[in-house]
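The two complexes that follow have subunit A in common; it is paired with subunit B in the first and with subunit C in the second.
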Partner chain A sequence: MPDNEKQLREVAEKLLIDKKVDLIIGYEKGTLPLRTRPTFIREPEETKRLVWNSRCENNLSFYLKTVKEKVGIVAKGCDSRSIVGLIKESQVKRGDIFIIGVPCPGIIDKKKIEDILDGRELLEGVESDSQILLKAEGFEETLDKDKLLHASCRSCRHRNPVLYDTLVGKEISQPQTDEYSDVEEFASKQDNERWAYFNDETSRCIRCYACRNVCPACYCPQCFVDQSLPTWFDRTPHLSDTLIFHIIRTLHTAGRCVDCGACSRVCPMNVELRMLNKKTEKDVKELYGYEAGTNLEELPPMATFKIDDPQEFIK
Partner chain B sequence: MKEDQIVATEKSEWKPRIIAFLCNWCSYAGADLAGISRLQYPPNVRVIRVPCSGRVNPYFIIKSLQHGVDGVLVSGCHPGDCHYISGNLVARRRFAILKRILEFVGIEKGRVQFSWISAAEGERFSQVIKEITQEIKALGPNKKFVKEI
Partner chain C sequence: MKEKIIRKPQLGTWLEGLRKEYEIWAPVKKNGLVLFHPIESAKEIHFDFSNTKKTAKDLFFPQSEVLFSFRGGEIEKKADMVLEKPRIILAIRPCDAKSLALLDKVFDSEDYQDPYYVERRKGTLLLGMACTHPQTSCFCTSMRSGPFEKTSLDLLMVDLGDEKYLVEAVTQAGKDLMGKDGSFEDAQEKDRERLAKVKKQAEEKIKSKVVIEGLEEKLDKIFDSPFWDRVHQRCLGCAICTYLCSTCHCFALLDERVNSLEQRVRSWDSCMFPVFTLEASGHNPRISNRERIRQRVMHKFNYFVKNFGETACVGCGRCIQNCPVNIDIREIIEEIENEQPLPS
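Showing the complex of A and B:
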């Protein structure tokens, strides 16, 4: 990974010197141990700020919605799929972005680290190829990175970017994962058990809309929950409203969600939002054979139809 | 009558409330035909006329459940017969996903129903209404999603 980081900086520097792009969007070191944050670089000499490691969790394609110049963007597998989605939905022009692809072996879930630290403050963290060293007051432990991976990364099937202009490092191997085992196991439960689970999860939701705000696929100028003439959607923390908000949001991202996990990571109340999104992703794949963000040609599934689409559910 | 007797009679006479979103060009005309043909069907359905089944936002369906309706039917033209060429085909995809996700969340199967009924199928319309009323009656009152304030 340090080699990749060096190469990434060189690529970014060259892009800015050659004036191929006006802005580089990447990651830099955060102020807390083991954290990174998005960074926006315009000067070639500043590219030495760029980092690449398994804590680069943000889906940077999110920022493409707001920039209006030529941009070079660092993209992991999932990010590149988000970018494909944005290009397909005419939110960004392919010619305006230069994608610096980075193969990604998985991102570490900071919430899992917090759980392990159990309230202690992390003072230092050192990442090596397959392990990570955590140091806190009176605490020191070396852990396997594999065990700390984000849920989305565990079932990831696109570790290598699907669309890029240049690739930093070499493509990495893609392990075969059982992508939907969680969803299938959950679906086999009783109706009432599932209902209780979703009620329990969404009862924690405080309707801060962070999940919507961080989502690369959510870019409506006015979201359905913000409409006030008429007020379609009740803005209460009532269980029914909260659950419906999450269901409708899932429907809006059906066939567009790439399971980057940004919504789960950003949730301050740790609501497990992934189950709904993953289920819809599975349905779209089963019914229409479509996987979001894997190519630029296929039309988004909810914007098109086939005359022989399955309809056994219709009387 | 004692109080528990009243509750018992109310329970045995419980009638579901069903909302039917019918498309103007086929299903609504089908319902009309059932009417002028003097066909009998359960009076539990409240019809809302929509221009096309494609007009039905999934939120309409969920909002109906939230307001305490016991069942929802969405009915449109048969594939290929849509007045707007493809409204019902786009709607079909949307409803397929909606139905699966509602069932996944824990809403009973049969609470939300879909059908294709043409303007010539008055007989079929009354049949479909009979069927879904029976199914929803068997499910009992809708409790999930209902927002009680």
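Showing the complex of A and C:
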């Protein structure tokens, strides 16, 4: 990882010096232990702020929707697939961006760390190749990074960026993952049990819309929740309205969501709706043989019609 | 001697006695979150926490509140009684209690008294729990508060370790709550010594210092500065900072229909949402995150100071901990101090 970080900084610096891009979007160190955050760099000497580690969790591609400059963007596997999606949907021009691809073995989930610390505040985290040392008051433990990965990273099948202008470091191995095992297990439960789960999760939602705002696939100039003629949703977070918001957002991103996990990571209330997104992803794959963001040619199935599209729902 | 001691095993007995008259709200841990819930027994309370995820403001200024209902132009039902039973909020942190003093300036002022808020405030006793383990993101000592502050509290409890809480009455109402139970003993000299030690340790743990002297005047000078172009870039424009803030209080008044009844509802709103200032003409004076972040900082550190004489921030650090892109208000304030005003 440290070698990749050094190379990343060199690549970014050269891009700015050669004026190939006006802006670099990458990650920098945050103000809390083990936090990184998006950073916007326009001067070559500032590229030494860039970091690359197992906590680079934000999907930076969503900033591409609003930047007007020529951009060099740091992209992990999932981020590169979001970028492919944005290019396909004409939200970003391929020629306006320079993709700095970074192979990613997975991101550590801060919420898992909080669970382990059980109320203690994390004071320091020290990463090594495969492990991480966590320090809190009266607590010090070294853990395998594998055990702390975010759920989306555990089922990831695209650790290497699918589209890039340059690759930092070498491609990494892609282990076989049974990416839908948790979805299948969940889908096998009774319907009232599944309904109860989604209602319970949704009951905590405070409608902050962080999940929607952080999603690269959500770029409608006017989101359906903000419409007032007609008003689809009350401002009051009635459970039914809130659940429908999440279900509809899942449907709007069906076949377009790359399971980067950003939505579940940003949620302050630990609402876990990834099952919904993962299920629609599985359905789209089974029905249309399509996986979001893997190539620039295939259009998303919800945006096209082919005569041989499956029609088993017509009985 | 005002200070008393209650041993931890006795807490349940005391609360059981109080439950006859009061509905008790305390921190409960569920789904990895510590939030205030009404409790039936002391066993449900989760004491091992730095602060609750959501703030105490929810209990006085709920996310959604029906003000009145009407049908066919006639007001059918005013929400006349908000609290069925008087309440106790147990283990509220001093920063959250201070935030209520700030919200009082808005909702219970000389000019305006919000009856829903006021009834809740009058009907609720606040039993604070001193912060013996502040977080690295806490900066309450810079914001006229502190881990052992007593503003707005009726009682302050301090975990002395050794299975004991020291309890200090701050108001007569707090004193009366203790008087009703034999679980309390007088505090000894060694307890007071321990209290002083624990307080000093806690205050020293708060390393984060933020200077608010001169901030209001400085903000007046840099309203048009390119500083704001740098600050807003990462911002998602979600409502996490505003909804989880102990002092943010913007709201929307909307008419909503439930079955055939119309309700006028007051709900939380966020200045970070684009639609917050969207006008019927389609014009939006705060067209981007740049203007909106500037607004948030100005409201808390400039406009509120002008209107009410105090900064609308208690240094609880929730915005710092929960912002998905780690926007840090302490950094912003420091950058403001360093920013050169534009030549006039």
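The definition used in the following text is that the second predicted complex is superposed on the first by the 314 of 315 C-alpha atoms of A that agree within 3 Å, B and C clash if a C-alpha of one lies under 4 Å from a C-alpha of the other, contacts with A are read in each partner's own complex, and residues count from 1 in each chain.
The rule is short, and it goes like this: a contact is a pair of C-beta atoms (placed from the backbone, for glycine too) under 8 Å apart; a residue touches a chain by one contact, two chains touch by 3 or more.
If you're wondering where the values come from, they're calculated on a predicted model, not measured in any experiment.
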First, second, both or neither for A:Met269, with subunit B first and subunit C second: second
First (subunit B), second (subunit C), both or neither touched by A:Arg204: second
Which of subunit B and subunit C A:Thr31 touches, first, second, both or neither: second
Subunit B versus subunit C as contact partner of A:Asp283, first or second or both or neither: first
Subunit B versus subunit C as contact partner of A:Tyr219, first or second or both or neither: neither
Touched partner set for A:Tyr180, first subunit B, second subunit C, both or neither: neither
Contacts of A:Gly119 with subunit B and subunit C, given as first, second, both or neither: second
Which superposed partner A:Phe139 touches (first subunit B, second subunit C, both, neither): neither
Residues on subunit A lying within both footprints (that of subunit B and that of subunit C): 234
For the subunit A and subunit C complex, residues of the former touching the latter: 30-33, 35-40, 58, 111, 114-115, 118-119, 121, 123, 137, 204, 206-210, 212-214, 226, 234-237, 265-266, 268-270
Residue ranges of subunit C touching subunit A (in the complex, touch as defined): 31-33, 48-50, 53-54, 63-64, 133, 135-137, 233-234, 236-240, 243-244, 252, 254, 256, 265, 267, 269-270, 273-275, 320-322, 324-328, 330-331
In the complex with subunit B, residue positions of subunit A that touch it: 187, 191-196, 198, 224, 232-234, 238, 240-241, 243-244, 247-248, 250-251, 254, 276, 279-280, 283-284, 287-288, 301-307, 309-311, 313-315
Complex contacts: residues of subunit B adjacent to subunit A: 58-59, 62-63, 66, 79-80, 86, 89-90, 92-108, 113-116, 128, 131-132, 144-147, 149
